[in-house]
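Both complexes shown next keep chain A, but they swap its partner, so chain B is in the first and chain C is in the second.
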Partner chain A sequence: MADLRINLTGIPSPNPFWLASAPPTNTGYQVQRAFEAGWGGAVWKTLGDPIINTSSRFAAVHFNGQRVAGFNNIELITDRPLEVNLKEIYETKKRFPNHAVVVSLMVEPKREKWHEIVKKVEAVGVDGLELNFGCPHGMAERGMGSASGQQPDLVEMQTMWAKEAAQTPVIVKLTPNITDITVVARHAVMGGADAVSLINTINSLAGVDIHTWNTVPHVGGKGAHGGYCGPAVKPIALSMVAECAKDPKVSVPISGIGGISSWQDTVEFMLMGATNVQICTAAMHHGFRIVEEMIDGLNNYLDDKGIAKVTDLIGQTVPKYSTWGELDLNYQVVARINAETCINCNKCHIACEDTSHQCIDRLTDANGKAYLKVREEDCVGCNLCAIVCPVDGVIDMVEVQGTHAPMTWNDRQKALARKNSESSEMEAV
Partner chain B sequence: MDNHKELTRLTPEAFANNFAETVPGLTRKAAMEESNRCLYCYDAPCIKACPTSINIPSFIKRIATDNLKGSATAIMDANPVGASCARVCPTEELCEGACVLNDESEPIKIGLLQRYATDWAVQSGQTLFKPGPSNGRKVAIIGGGPAGLSAARELARDGFAVVVFEAKPQAGGLDTYGIVSFRLPQSISLWEVEQVEKLGVEIRTGIRVGVDVTVEELLAEYDAIILAAGMGNVPNLGIEGEQLEGVYDAIEYVEATKSDVPPYPIVGARVAVIGAGNTAIDAATCSVRLGASNVKMVYRRTKDEMTAYDFEYEFAKQEGVEFSWLTAPKRILGDSFGRVTHLECVRMELSNALGKDGRRIPTPIEGSEFLLPVDAVILAIGQKRHHGLIDLLGLEHDRGVVLIDETTRGTSHPRIFAAGDIVFGNGQGEAMVVSAAEQGKQAAYAISRHFASSSFHSNDSVAI
Partner chain C sequence: MSAYEEFAREKRAVDALLQDGFVIVGTSEELEGMELRFRKRLAGSTESPEPVYAKLLLLTADARKYVSNLIFSEQQKKQA
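Entry: the complex of A and B
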């Protein structure tokens, strides 16, 4: 049994699985149910001046018969009075003293507003604060959420204001609706953030109803952009986490968020630098019980790998995440198809033939049996065939011994520059 | 020997219930799940395994993308009796048997998906195809079964005026009359007939060529003829007692169940079915569903030699049909009223000598005769050939199997083509509905090619 405990910038929790600030953490009833189910922490649904929500609010993107590949919402922050939330937070923390109770906050970008809410919330005994500079819809139109999160100086300023009043750790939640997330992350750190959490949802329109021509979702025939999350956003979130993790100027712990649906996703985010993860869509799709399988899978993975504590995963892949210019241009893999296990669906052939490098031949053996073979000399090692192959393990990408020493683009440019300067020196002579 | 039991008929309600389609269609959810499971193989083996080359991955993708009209059109385009075939094709020997997922997980349920799409077409009342602009040529088709309908459909789409001469009251052939309703409701076959009629094809039912219209008239009036008359009823076994009351011809027996009222008093009957082909199985399972108390299939060879499909055999066993292998009928015995009471059988053994078909020849075991008390005997030992019609047309044949050039489907007469069961036998052709459909298509294309190449002119300019 591995040690699953984590500590995010002074906020301990029994495992890395937190519920993200979202509909599942709207009430004390829900958060307490979540803790009973096994969640290690929860970020309470954003508190601020109560708002009015619309009906309907959610929409999802289904893919090839699978529900909820992506999820979209236009729900805003809490629509319940602050006092009610504070009472329930107090009760929840009292009942679950060892679980992480963090409260998400969003107020107007005014110093006194931040001071006021930080004090009120800390007074009921929370473990930390998360500043919501991320929600892309509704609140942004009022100058909050991602509207302030897209202005680095405003993020820095507001973080500072929150920190002036805060006794507990301050986590700044970042919006992905920006060109370079590390810029905002750095400003959060400059403002005194103890940690950053990312990503919030991505601007999205879930769909258009091709029969009514309404947006999906719509509110009485009208739609507005929402925030996208769920499995489809995982690669985007993972890359943003990685960018922050490898940036020395973002020198604070990271809470990873974005499409995490399983223990494997959790391992990936932690390897890529997250100290813990926050989850919402998976819980909304399956209920709080889904955390049981996450805890069990993570535990078995760590045991199988002989890793004593989950925190040993944090950041292990970060050094491997570099830039394109540092990739070895002489590294070569080729596809190899196992004719014994191949089921002859020919998907690799047509994918390669139509859209890649035309190097998978359809052949017939001496017994008249069809088989597929890669012309390795023409294979560029793009992985496409292995990606479209429906059976695991049929196509291997095999490393081939290159004839040239490793050389990156950056090496190459340097070498060329050296050569040019030498020749120009010679010319000068 | 008076062993006769008084037998009754099922109530119409029980009859309707027992003969309602057994296998439920896919729900929308099941169809979406199954269609999304299809790998959409390139140059898919299922297409090659389909005698009519339905673009199966394409029709399945159309189901998955909520385009049932496109799906049904893709199916029916390749196979004019695709709705029937969705139910009667031996899919595990064809498309599903070829599915690349057989060993990896489970083959895609292609038959059920095909039924899902075509059921939508049936229920939506869609007309999927249009006739081509008239080319002024006329083709007569003898027989409105799967082969004849398929030929008619393709010819009409190519601009031919087509008249189908059908001896029975309704077209559809085997699909309408010969396949048990609990596998293929008659309405499905009749929808396919209607689809062909909507292309302007005239179907003259109740017309027997050679009786109601002469071959000479057809040759004079039409540019070409497609012979697709199928096969006939069950031949006599040539044993004593075949004329007794309670002795049935399996083809007629099954056909009689394709109605609204229970045709025979079989409730409580002990039934012996002689033969072990697909028609024999149909007669046996029909008997079970008509209320028989015991149904035995009497076959002179063993399970290994039977010609019924495995899935038919399994279905019969599930229905409670018993099998008497290595048992041959010797004579049928009756009571003083001329009603069947017993079937005398003899035990057989397989000799080591092989017959022409490569199967071991069964021989009787001397002195092993025994009496089987029965109330009905159903003969299902094959089908008669249409010798009379073939002779009227003057076509070359081998024991009633019309000889053709399988690439052109041409017979010994230059203006007569043939398709379907009438060319099946003696190693030529296939007996499946889907094969008949393909042959009908090919006969139509052969005629189109003949006219296009203008080596074959309208009958008013060339006398043959």
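Entry: the complex of A and C
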């Protein structure tokens, strides 16, 4: 059994699986049940001036038979009074002293408002605070959530105000609804953030009902944009985590959020620099007990790899994540089709012929049997055929040894510039 | 024509000039492709003491990469 304990900027947790601030962490009843199921921590649903929600709040995007590929919500922060939440937070922490209880906060961008709520929340014994600068709907119209999070100066200032009053670690939750998330992350760090968490939800409209012409979801015939999450957003979240992890100015731990649905997703986020993960949609889809499978899977993975502690995963892939200009132009892979297992469905041929580089030939052997063959000299190694192939293992992307040493685009540009410069000097002489 | 054959044709043109004693002295990249400028100095020749110039326009990505590799590796060797 590997050691699954993590410590996010001074907040210890028995495992890296935390529930994200969202409907699953609305009450003490829910969070305590989650801890009983095995979750290592929870970020309490955002506290602030209690709001009033609409009816009809969630929508999902199902794709080709997969339920909840993406999830959209227009629910806002807590609709319960602060004192009610604080009482339940206190009781929860008392009952589960070794679990991480972090509380999400959102107030107007005023110094005294931040001081007030930080002091009140910390007084009940929380392990940390998460500043919600991410929610894209509803609260943003009132100048909070992502409306704050899209303004780096405002993030920095509010983080500073929270830190002035805080005794526990302050995590700043970032919005992905911005061009470059590292800018806001850096400002959070300048404001004194002890960690950043990302991503919050992405602006979205789940759909339009083509029969009623209503939005999905709609509230009495009217809709508004919501926040998108679930498996569909994982690649976006992973990329943003990676960007922050490799930025030396974002020099604080990262809590990864966004479409994490399995122990494998968790490993990916940790390899890419996250100290732990926060999960919501998977729990909403499958219930709290999904964490059992995640814990078992992570344990087995670490044991199989001979890794004693889960924290040894953190950031291992970050050095491998660079810029396009640093990729080797001479690295070459080509597709190889296994004629023994190929079912001749022709999908690779169609994909290559119609939308890629026209290098898969449909041929007939001496016995009149059709088969597919890649002209390797024309294959650019785009992977499309392997992606569309419906049978695992039929198409392998095989590395071919080239005759040239590695050369990146940046190497190339420097070499050409140098060559042209030498030539100019010669001509000048 | 296959992409490889297009590349091979351009590579042959580059190699032919190099084998003929030309050296690459400059490149420029435009919307039309990569223009390569070659020069051959006929040292010892009484008929043509002045350098001889040649140009090639490379269209394929692989040929442009091939030439880049030649220039890059030549510079790497000089540095070594």
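Quick note on the criterion: the second predicted complex is superposed on the first by the 429 of 429 C-alpha atoms of A that agree within 3 Å, B and C clash if a C-alpha of one lies under 4 Å from a C-alpha of the other, contacts with A are read in each partner's own complex, and residues count from 1 in each chain.
By our rule, a contact is a pair of C-beta atoms (placed from the backbone, for glycine too) under 8 Å apart; a residue touches a chain by one contact, two chains touch by 3 or more.
Keep in mind it's a predicted model, so treat the numbers as computed, not measured.
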Quiz item: Do chain B and chain C fit side by side on chain A after the overlay, or clash?
Solution: fit
Self-check item: Partner chain(s) touched by A:Cys345 [first = chain B, second = chain C, both, neither]
Solution: first
Quiz item: Thinking of the overlay built on chain A, is A:Gln401 touched by chain B (first), by chain C (second), by both, or by neither?
Solution: neither
Quiz prompt | chain B versus chain C as contact partner of A:Thr179, first or second or both or neither | solution = neither
Quiz item: Can A:Leu416 be said to touch chain B (first), chain C (second), both, or neither?
Solution: second
Quiz prompt | chain B versus chain C as contact partner of A:Val391, first or second or both or neither | solution = first
Practice problem: Give me the angle at the C-alpha centre of chain A between the C-alpha centres of chain B and chain C, rounded to the nearest 10 degrees. | Solution: 90
Practice problem: Check the contacts made with chain A and report whether chain B or chain C touches more of its residues. | Solution: C
Practice problem: Aligned on chain A, what is the least Cα gap between chain B and chain C? Give it in whole Å. | Solution: 23
Quiz item: What residues on chain A touch chain C, complex-wise?
Solution: 329-330, 357, 359, 375, 377-378, 380, 404-405, 407, 411-412, 415-416, 418-420, 422-424, 426
Quiz prompt | chain A - residues contacting chain B, complex | solution = 64-66, 343-347, 349-350, 362, 390-391
Quiz item: What residues on chain C touch chain A, complex-wise?
Solution: 2-4, 24-29, 37, 65, 68-69, 71-73, 75-76
Quiz item: For the complex, which residues does chain B have touching chain A?
Solution: 32-33, 35-36, 39-45, 64, 100-101, 103-104
